[in-house]
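Two complexes come next, and they have one chain in common, chain A, joined by chain B in the first and chain C in the second.
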Partner chain A sequence: MIFPSSLSRLLSYELKKWMATISLSITQRLAYKVNFFLLFLGPMLVFFLVQYNLWHSLFLFREGAPIGGYTRDEMIAYQGWVLVTALLTQGFHSRDLAQDIRLGRISSYLIYPFDFWQYHLGTFLGLQCIQLCIATTAVAALFFTGVFQELSATHLFLGVSVALCAGLLWYLIQYALGLFAFWIEQTWTLRVLFALIASFCSGAIFPLELLPEWAREIVLLSPFPYLTYVPVKTFLGAELDLPLPAPVALTFWSIVVWGCGKLLWNRGMRMYTAAGM
Partner chain B sequence: MKNLRTQMQYYGTLYRSFFELCAAEALSFRTHFVLLIVVDLIFYGTMFGTAEVLYHHVEEIGPWNRSQFLFFVAFFLTVDQLHMTLFAMSFWEFSSDLRLGKLDFWLVKPAHILFIVFFRHIRVASLLLAPLVWGALIFSGIQVGLSPLSWCMLPLLVLLSLALLITMEILLSAAMFWTVENDGINFLRMQVQSVGRWPDFIYQYLFQKLFSVFIPILLVTSAPVHYLLQTRGEEVLFFLLAALLGMLFLVSKVWRYALLRYESASS
Partner chain C sequence: MDPEITIRCTNLSKNFRVSEKQAGLAGSLSSFFKRTYRSVPAIQSFSFEAQKGEIVGLLGPNGAGKTTLMKMLTGIIVPSSGTAQVLGFSPSERKRAFRRQISLVMGQKSQLWWDIPALDSFHLLGKYYEVEHSQLHHRIQELADLLDVHGLLNTHIRKLSLGERMKMELMASLLHNPRVLFLDEPTIGLDLVAQRNIREFLKFYQEQHQTTILLTSHYMGDVQALAERIVLVLDGEKRFDDSIEHFESFFGGEKYVQLELEAAVDTEDPLWKRYDTVWVENGVRADLRIPTHRFHHALREIFERFPVQNFTTEKLPIERVLTSLLENPRLLEQRGESSLR
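And then the complex of A and B:
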């Protein structure tokens, strides 16, 4: 039986490890600031600028006539929220994780009092802290530049909550993809493949209402809309017609992907040899 | 003249060796080989898919109808496929070579450093997709009814576009000599490419100028396609050539300066 004092010591000990990892992750990410900007923020900003120009000009060519039920201002606001959602969800990628496996560095984690998955989750949480600050700045900048015509505290709170859950799902997918390093030499192809499909099916390039009915129904059965479309619509305060409520679907997909990750880790560890260690 | 021929033969032999080595390496990792093909196919699918979705809701984007826009996409993918096959991997390897000090070995080789660094890694898997993208380009060219002159100019313009893209990327990559972590520069390179995936007329004035004059990525695909579709005159070809010559000049100057800046990581 664990006494309250022992439990509190244990919790404090665990918390220290998590806080140290998160702090280390923040320091590491910000050590090379230009690299951080180009690696994490640059792609999202360029994506937004391209999307902004594209939709702005499409509406200009049509003299403001709506496209797929969206007016010019609604579409620009949609793209603005895509940027905020991307900042909150798509920061983590499993390159470091795959390298740890490929170069045999996971042997260290096997003897540390902090598991491999705990370390990488801590790294992800550290990155999320930075991204949350950047996303807050982005929301303010987009509001003052008129991209967002109005801000509602309720929708903002709900949107951030859904986006953070979507970020966790993104992390779990990236984690599972990184674990393929046990079997294949390069996992970046899987990451790129996932990013390509996600950008098309998640509603990042265009809202899912623009897809043909049959395609939208198929896409809504996958986890992709929950990575961008659902958080964006929550930020916008729009009614969503989903097969499952967003929190339930996000929990469901997170559990499924986490289970796949667990399975991959167990299988991978069975064949891991750490040559030269 | 004889000297030039000997040089060409020498570099030809070197390039053949690079290709054989890359082919042997690619076939050793078959899962990766297949995945590379799948990634490219999905990329092509998303490019055409995005255009289809947009044209499902609008009849024209700027001055172009659906067929003209699909020709633009096919042209972009043809340049991109050549870029992916012949050069893309080299930029990532260069980043790693620079950080690990492996550039020392390439600097002492009896060949031009730019040739060794940027022509060494060939992605054999992407080579297999060449018939697909060229097929799409020819098919979309027939759909838009290219003139005989445009058909003759098409291969030349693809090569010119590729040359401009590569010189621009080499110039951007020279920045790696000044940075400690180089992956960011490679990501910047990819972002610049992503700007060129859309025609120039979708961008507002400031962006058009920025990406046509300072970083002339919009000239890579938009300029030749405008010429081929005759939506603009010959002046776009002049801009394309001028940008290419300007980039070549800058590469020769900046690269020399960057090499002086190089401090081997291993010595």
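And then the complex of A and C:
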């Protein structure tokens, strides 16, 4: 039996481990100043040079006629929220994780009394703190440049909450993809394939209303819309007609992907050889 | 398990599944459609015990299975069969209580975080190992004093030299005062002074804390300076397990002679073959192994026939014993069970 004092001591130690890992993750990202500033500026530049210009030209070509029920300003705002959502959800990539496995670098984490998944989750949470700052700057910049014509505190709060939960789902998917490095030498093909499908089916390139009805219904049964479309619509304060409420669907998909990750880890560890050590 | 026995493994084996591919395009195509695998035994029926506070040197050529054994004993990989117990735990279960009491230093692989100063890494590891802040501070000061690295604690790991980084790796591995320390090539790539410093530090530390140390190194200086006992691994099997003194006197009936000649001589002369001669400088400097009972006779013959400028004789160095055994493992068979514990 664990006595309350022992339990609080245990919790205090665990909390310190998590906080230290989150702090390490932030410190590591601040270590390279140029990279850090590019993290801030890069997404904004891509938005104004690509997304904004693309949709602006399309609407000019159509002489301002709506596309899929979106006016020019609504579509630009949608794309602006896609950028903010991407900052909050898709910052983590499994590239480092896969390399750690392939090159046998996970051996250190197998010895530390803080598990590999805990370390990576802590790193992800640290990254999310930075991404939250970048996303806040992006929201301010898009508001002052007129891309967002109005901001509602409620929608902003709900949107950030849904986006952060979607970020956790994204992280779990990336983690599971990274674990394939136990079996395949190069996981980048999997990552590229996933990124392509995700950008098409999640509503990141265009709103899902532009898909035929049957395709939209199928896509809504997958986890992809919850990565972009659902958070964006929440930011916009739009009504959503979903098979399951967003929090339930996000929880469901997170548990499914987490289970897959656990299975992959257990199986992968049985054949891990710690090559190169 | 006897509390004095820190490490015990019984019939431990590990087989790796290795894919095979024929050379060339045809081989690549055929392996793309049908890959063939073979099982490679890395460690076979390995039984071994280490007492509390003992320093054991694991010796063997590349690919002998030393590192595989370390990986199994630290819980990094799972054995194919047999049992391993370290501090009463089964390493492959990787229980936290087990991980808190061991440490591994890999000379070929950094375990510290490259993008941050060593001190930050130490604080993080202090949290992971649940070391109290004041105790951690004291440990960092103590180890930094011993290794003379106070000025480097705030430098990013990526900016340190190899020797400096190794000192930091050692510090990191000892912050939680582990009961068992696994050292895999801890001085690899270091210059002679750095090697000596690290050996002296480890020796001092072990004497203070009675840590059980399992060491692999290709530098015999490490083994000679630190290990009390030697385990020789060849092709995944234990072939020698006894004190370093016994190992050094493996060729007990022989003397080791270093010769320096005034001018180059015929290295193909049958005399040299009789004494297992190794030419350090072709025809001019040689190392010989001469049976004790033939010592005087052999030296007289050499002096009579060759222009000897200088010679020294000493006990056979451990490096030479190992080289001779690796070149001729049959010598171990001749010794048989007497060389195994």
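Rule of thumb we're sticking to: the second predicted complex is superposed on the first by the 262 of 277 C-alpha atoms of A that agree within 3 Å, B and C clash if a C-alpha of one lies under 4 Å from a C-alpha of the other, contacts with A are read in each partner's own complex, and residues count from 1 in each chain.
As a convention for this text, contacts are C-beta pairs under 8 Å (C-beta built on N, C-alpha and C of every residue); 3 or more make two chains touch, one makes a residue touch a chain.
Please read these numbers as outputs of a predicted model, since none were measured by experiment.
K.L.:
Output check: A:T273 vs chain B and chain C. Expected answer is one of first, second, both, neither. What do you get?
P.N.:
In the superposition, A:T273 touches chain C alone.
K.L.:
Is A:Y13 in contact with chain B, with chain C, with both, or with neither (first, second, both, neither)?
P.N.:
After superposing on A, A:Y13 lies in contact with chain C but is clear of chain B.
K.L.:
Which of the two partners, first being chain B and second being chain C, lies in contact with A:R105: first, second, both, or neither?
P.N.:
second
K.L.:
Pick one for A:T189: touches chain B only (first), chain C only (second), both, or neither.
P.N.:
first
K.L.:
Where does A:V46 make contact in the superposed view: on chain B (first), on chain C (second), on both, or on neither?
P.N.:
The first partner, chain B, only.
K.L.:
Give one of first, second, both or neither to describe whether A:Y32 is in contact with chain B, with chain C, with both, or with none.
P.N.:
In the superposition, A:Y32 touches chain B and chain C alike.
K.L.:
Which chain makes contact with more of the residues of chain A, chain B or else chain C?
P.N.:
Touched residues of chain A are more numerous for B.
K.L.:
What is the contact status of A:P113 with respect to chain B (first) and chain C (second): first, second, both, or neither?
P.N.:
The second partner, chain C, only.
K.L.:
Which chain A residues are contacted by chain C in one complex and by chain B in the other?
P.N.:
Looking at chain A, the two contact sets intersect at 32.
K.L.:
For the complex, give me every residue of chain C touching chain A.
P.N.:
16-17, 67, 71, 74-78, 94, 96, 99-100, 102-104, 106, 108-109, 111, 113, 115-116, 120, 123-125, 127-130, 156, 184
K.L.:
Would you pull the chain B residues touching chain A in the complex into a rising list?
P.N.:
Where chain B meets chain A, its residues are 29, 31-32, 35-36, 38-39, 42-43, 46, 49-50, 53-54, 56-58, 60-62, 179-185, 187-188, 190-191, 194-195, 197-198, 201-204, 207.
K.L.:
Name, in rising order, each residue of chain A that touches chain B in their complex.
P.N.:
32, 34-39, 42-43, 46-47, 49-50, 53-54, 56-58, 61-62, 67-68, 183-186, 189-190, 192-193, 196-197, 199-200, 205-206, 210-212
K.L.:
Give every residue of chain A touching chain C within the complex, in rising order.
P.N.:
13, 16-17, 19-21, 24, 27-28, 31-32, 104-105, 107-108, 110-114, 269-274, 276-277
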